[in-house]
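Pasting the structures here.
Both complexes below contain subunit A, partnered by subunit B and then by subunit C.
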Partner chain A sequence: MSEFKIGVRETEGIHVLELKGYLDAHTAPKLEEAFTNLLTSNRYRIVVNCKDLSYISSAGLGVFMAYIEDVRKNQGDIKLSNMSPKVYNVFDLLGFPLLYEIFKEEREALRKFVDKTK
Partner chain B sequence: MKTETLHIESKTERLIAVRDFVSAAAREFGFGDEEISKIALAVDEACTNVIKHAYKFEPDKTLTVTVQRGNGTFEVSIRDTGKRFDPSGFQPPDMKEYLSHFRRGGLGVYLMKSLMDKVEYNFEPGKPNEVRLIKYLTP
Partner chain C sequence: MKARRFLYVGGMGLLLLLVLLIDVIRKSVDLDLGGIEYLREALIIGVFVLLFVLLESAGVMKEQSPVKRMGLALIASVVMVIIAFGGSVMLESAFDPKSSMLLPLGYGPLFMATLLNIVFGCFAVAVLRLLRDLALYKRKRGSQRNILIFAGLTLATAAATLPLKPLETEVYVSVLYGLAVVAAIVNSFRLSWIVYLTKREKLFGLVYGFFLFGIFIGLNILIQSVSVSRALLYYSYPLKEFVSLVCVFGNVYFGMAFVSTLFHLPTAEAFDRKTTELSSLHNLSKLVTQAFDFKELIDTVTSMTLQVCEAKGCWLELIHTGEEARGENLLQKDLVIRNGKDGGYLVQIAGMKNISQDEIDALLPVGERTLRDSVLEERIPIVIDDIQKEPRLRKSGRATLPEGSLVVVPLNSHKDVIGILYATKDTEHGFFKDDVDVISAFADQATIAIENSRLFNKSLERERLIREMMLAQEMQRKLLPQKLPQLLYGDLSASSTPAFEVGGDYYDIAQLDEHRLGIIVGDVSGKGVSAAFYMSEVKGIFQALSRLHRSPKAFIVKANEALLGSFDKRSFISVIYAILDTDSGKVLMVRAGHCPPLLVSRHKGSYVRPKGMGIGLGLGDVFSSSIEEEAIQLHKGDVLVLYTDGVTEARCGDEEFGYERLMESVLQAREQPAIEIKEHVLGAVKAFTEQQASHDDLTLVILKWRGNSNGQQVEVS
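Up next, the complex of A and B:
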C-alpha cells in the first residue's frame, strides 16, 4: 500500500504534477524527487494539481519552499490548483497564498502560463 | 477521564498510525471533521519534531502518544527520551517576511500553536521530555 503517489504529465510545455494521498514527513522526499527531476531537465513551468491530495503537513509545504526560488530565477513558476478546503486551510494558515498562485481549476493555472508567453 | 496510549517507533512511516489514533479518539470525543483535522496535523507536527530533532531519525527509539479526554478537554501528550527541544526561544515567525525570503522549515511549532488551544512543554530531570497539546470541546 502506498500512501502518496505522484503522476507527471506535460501539456503545452507545462509540467503537471498530480498529487494523491498523504503528504507528510515520510512522503515529502517523493515530491522533492519529482521537483528535482523537473529542474535538472530545465522544466520550470510547473502546475501542481492537488485534487486527490488528502493531507499536507509542514514537511510537505517545505518542499514547495525549497524549489520556488530556483524556479522563479529561471523565469518559471509553481502554480497550484484543485485544492480541497482542508488542504487549502493549511496553506492559508501559513500565508502561502501570498507567495503562490492557487487556482480552483488546473486549466486556469495552465492558461496563466500560456497567456504570459503570448 | 478516559486515557489511551500508543507506542510507536521513531519512524516517519508511523505518522499515519498516530494521525489515525488521535483522529479516532477525537471523533469519539465529539469533535467535528475540521477540529479533528487540526488535532491530527498538530500531533503529526509534534511527532515529526521528535523523530527529526530529538531522535535524529534513530529508528530504534520510541515515542509514547497518550490521549486523555474528559470534562470538555482533549489532551494529547507526546513523550520521548531524546535530545531536548527547548521552545522558550521560539518566536512565531512573521509569515510575510518568512515567505519573502523563501525560508524553509521551523513551521511545525507555529502550526501546533495555531491549531491547538494550548501547547505546553515539560522538561523535568530524570523524566521523559513531554509536549502536551490541548483542545477544548465547546458545546
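Up next, the complex of A and C:
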C-alpha cells in the first residue's frame, strides 16, 4: 500500500529522524527499529521531524509511547517537529502535546536540546 | 439365464438322440436314407452351433489369463488324445468299407463312434474358441478379419463335403482345406498376448506351448489314422473336416506360441520390471491424491523402491529446516531425529526397509559432513558405485562400511529439499541410469505427497483458526449492547463494524439512574485480536464504574487507573464518555483523546472538543489534570454524533472522509430519526470509499433529541 521511510541524521549529538509517508500498524515496526537502534547505541536525544509524514495511526502513536519512558530515564527526550496540521490534529486529539514537546520547526527543537545542556 | 443354459443343453441332447435314432434305424435297415442324410447333418451341425453359442453366452473362461487357458487346453487335449487313441484301438476295422455309408459292423462300434464324435466335436469347439480369443488379444484392424476368414474357410470346407459320401473325395474340398490351413498359419502369427505375460507366466506358457504342440501333432496323426478317420467320416464328413482343421490350426498356433515365447523369455525380466515400475508409479500417484495416511505413503515409496530396483535396503528421510527444525510440527514424534552438521536442519527418518539405524549412521555419521549435506546442496541424485572406495564415505573410518553401492536422491520441492530417498545394493555398480530414473520418479511422487499432506494439515489448522475467529467475532458482537434504551424525548441508533473479524472499537450505553444515561464510545489503539482483548476489558470497567461515579471526569480518571496496569506501553484507548439527562437534554461529556463529537444544531454543525488525553498515556495527575468536562444543552432537533476514527479516516486513495464530509452528511439527514441519520452517514462513508474494504474499525452512535413536548425547553438560537 503506502510507503513509509525513515531518514536518520545527526547534528550536534542530536539525532533527527525524518519520517515520510504513512505510519500505521504495518509500518510502525520500521519506526520501532529506528528507535531501538538509537537506544541500543545510547542515543537519547531525538528529534522526530514529521515534515513529510502524511498519516499516522494509533499504532504509529503507540511507538512514541513505547520508548519515551526509557529515553527520559536516560536524561534524553523525544521532541517532535514540522507536523502538518492534519497530523498535528491526530497528536493533539490524543493529548500528545501534554506529553511531548512539539515544535513548528526542527531547529527550535534542536535549540531546546542545546539550551538545556548549557 | 440358468434356464436358458438348460434349454441349450437339453436341445443339444435332444438333437444327439435324434441323430442316434436315425443311426440305429439306418444300421438296422441297412439302407441309404437319401434326404434324411441332410437332416442328420443339419442336426449334428445344430448340436455344435448350440454348444458354441452356449459357451459364448455364458462367457466361459473369457476372463482367465491366456496361460491358464492354455493349461486347461493341455489337460483337455491329453484327455482327448487318450480317448482318440482308445477309439482308434477299439474301432479298428469296425466299419464296413464296402458300404458307401461306411456303416459300423455292430451296435457297439456305432455307440462308440457316436461318443467319440461328440467328444471330438466339443473339443474342437472349445479349442476354436480359445484360439480365437488368443489371436484376437490386443486385436488390430486385420485380426478379426483373419479369424473370420479362417472360420469361413473351415465352414466352407465342411459344407463342401455335405453331398459327399464318407469315402469320396473331391478336388475342390482339398483346395478349400488347403486354403483354410493357410488361413490358420496366417492367424498363428497373432501372438501379442505373449508380450504381456509375466516372466513366470512365460515359463509356464513355454511348457504348455511345447506339450500342446506335441499333443496336437499326435491328435492330427490320430485323426488321419484309418480307424479314427473312418469313425469320424462315418458319423459326419463335415464334422471331421471341422475337427481336423481346428486341430491343424491348434497345432500350428501352439507351435508358433512355443517358439515366440522362447524368444520373449530373455526380455521377460525387463518387461516385468517396466510393468512393475508403471504400476507402482500409478499406485503411488493414486496414493498421492489421498494425503491422509502419511505413514502408508512413506511405506509404499520405500517398499516400491526396494521392489522395482531390487535394492537391498532403502530409507526415506524428511529434512526439516527453518521453523520446522525447532521440532514442533514434526509429523511423528517417535521417529529418529538427527541434527544437521551445523544444526541448520533436522533429519527425521520416516521410513526404513531392510536397514538398521546403525547401518545408516555408519554411512552418514552423526555430526560430520556427509553425503546428506552434498545432496542438500547439489539437489541432484548422487550414485555411489562402490561404497568401500568412495572418498566421501571412507574418511569416516570408525564404523566399518558395508560393501555394495548406494544411491541418494533428493526430494526436491519448489524451493528446497524436503527429504532424501536412499537405496543400497549388495553389489558394486548396482544402480544404472534407469534405476536412478525410477527412484527419482518415486522421490518426485513422494515429494508431492508430502507437500500435499503438509498443505492439508495447514489448511486444517487454518480452518480451525477461522472457526475460532468466527466464535470470537460472535462473542465480541455480544459485548455490544443488544438493545438500545428507548428515550422519552429522543432516540438512539448505533452500529459498529470491525475491519477484521474482531476489532478494538467499543460503544455502550448504561442506565445510570432514572433519568441519566451513560454513553461511551471508545477506540483501542491497533486492530484485531489484541485490540479486541482490551475492548472487552473496557467493557468490564465501564459496566463496573459508570454507575459509581456521577461525573464523567471522575469515571474516566478511575477508568484510566484501572486500565493502566494491564496495558503495554504502546497501547492506549481513546474514549468519549457522555452522561445524558434524558429529561432535560443536558449532556456532560469528557473526551479522553478521542475524536471530537459532532453536534448538529439547526443548520449548523460544530465539533465539541474538550481537552483530555487518551487513557493509558499518562499517570494520575498528568491524566486527570488534562481532562476537561464540557456541558451541552440539547435542543429540539439537535443531533449528537459520537464516532471513531474509522469514520473520519475512511479513505479513498489518499483522501480521507474527514470532518467536513461527516458534518455535511449529518446535516443532510438531520430532520430524520436517528436510525436514518446513521444509515445516511454509513452510506456516505461507503460511497466515499467505493469498493475498498474498510481498513479500520468503524463505530457510529447517533443521538437525536426530539425535545421535551411539554415545552420546558426554550429554543435558543
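By our rule, the second predicted complex is superposed on the first by the 116 of 118 C-alpha atoms of A that agree within 3 Å, B and C clash if a C-alpha of one lies under 4 Å from a C-alpha of the other, contacts with A are read in each partner's own complex, and residues count from 1 in each chain.
Rule of thumb we're sticking to: a contact is a pair of C-beta atoms (placed from the backbone, for glycine too) under 8 Å apart; a residue touches a chain by one contact, two chains touch by 3 or more.
Everything numeric in this text was worked out from a predicted model, so none of it was measured.
Peer 1: Taking subunit A as the common reference for superposition, should the pair subunit B and subunit C be classed as clashing or as fitting?
Peer 2: clash
Peer 1: When the two structures are overlaid on chain A, which partner does A:S54 contact: first (subunit B), second (subunit C), both, or neither?
Peer 2: second
Peer 1: Looking at A:G62, would you say it contacts subunit B, subunit C, both, or neither? Reply first, second, both or neither.
Peer 2: A:G62 contacts both subunit B and subunit C.
Peer 1: Which chain, subunit B or subunit C, ends up touching more residues of subunit A in the combined arrangement?
Peer 2: In the superposed model, B touches more residues of subunit A.
Peer 1: For A:S84, decide between first (touching subunit B), second (touching subunit C), both and neither.
Peer 2: neither
Peer 1: Touching A:L99, do we find subunit B (first), subunit C (second), both, or neither?
Peer 2: In the superposition, A:L99 touches subunit B and subunit C alike.
Peer 1: Touching A:A25 in the superposition: subunit B (first), subunit C (second), both, neither?
Peer 2: Both partners, subunit B and subunit C.
Peer 1: So which bit of subunit C gets in the way of subunit B here: 236-244, 614-622 or 704-712?
Peer 2: Residues of subunit C that run into subunit B: 614-622.
Peer 1: Go through subunit A and flag every residue that touches subunit B in one model and subunit C in the other.
Peer 2: On subunit A, the residues that contact subunit B in one structure and subunit C in the other are 25, 57-59, 61-62, 65-66, 69, 93-96, 98-99.
Peer 1: Please give the residue numbers of subunit A that touch subunit B in the complex, ascending.
Peer 2: 3, 22, 24-26, 55, 57-59, 61-62, 65-66, 68-69, 86, 89-90, 93-96, 98-99
Peer 1: Along subunit A, where are the residues that touch subunit C in the complex?
Peer 2: My answer: residues 25, 54, 57-59, 61-63, 65-66, 69, 93-96, 98-99.
Peer 1: Can you name the residues of subunit C that touch subunit A in the complex?
Peer 2: Going through subunit C, the ones touching subunit A are 523, 525-527, 568-572, 574, 592-596, 611-614, 616-618, 622, 626, 645, 649, 654, 696.
Peer 1: Spell out the part of subunit B that touches subunit A in their complex, as residue ranges.
Peer 2: 11-13, 15-16, 19, 34, 37, 41, 44-45, 48, 51-52, 95-96, 98-100, 102-105, 107-108, 110-111, 114-115
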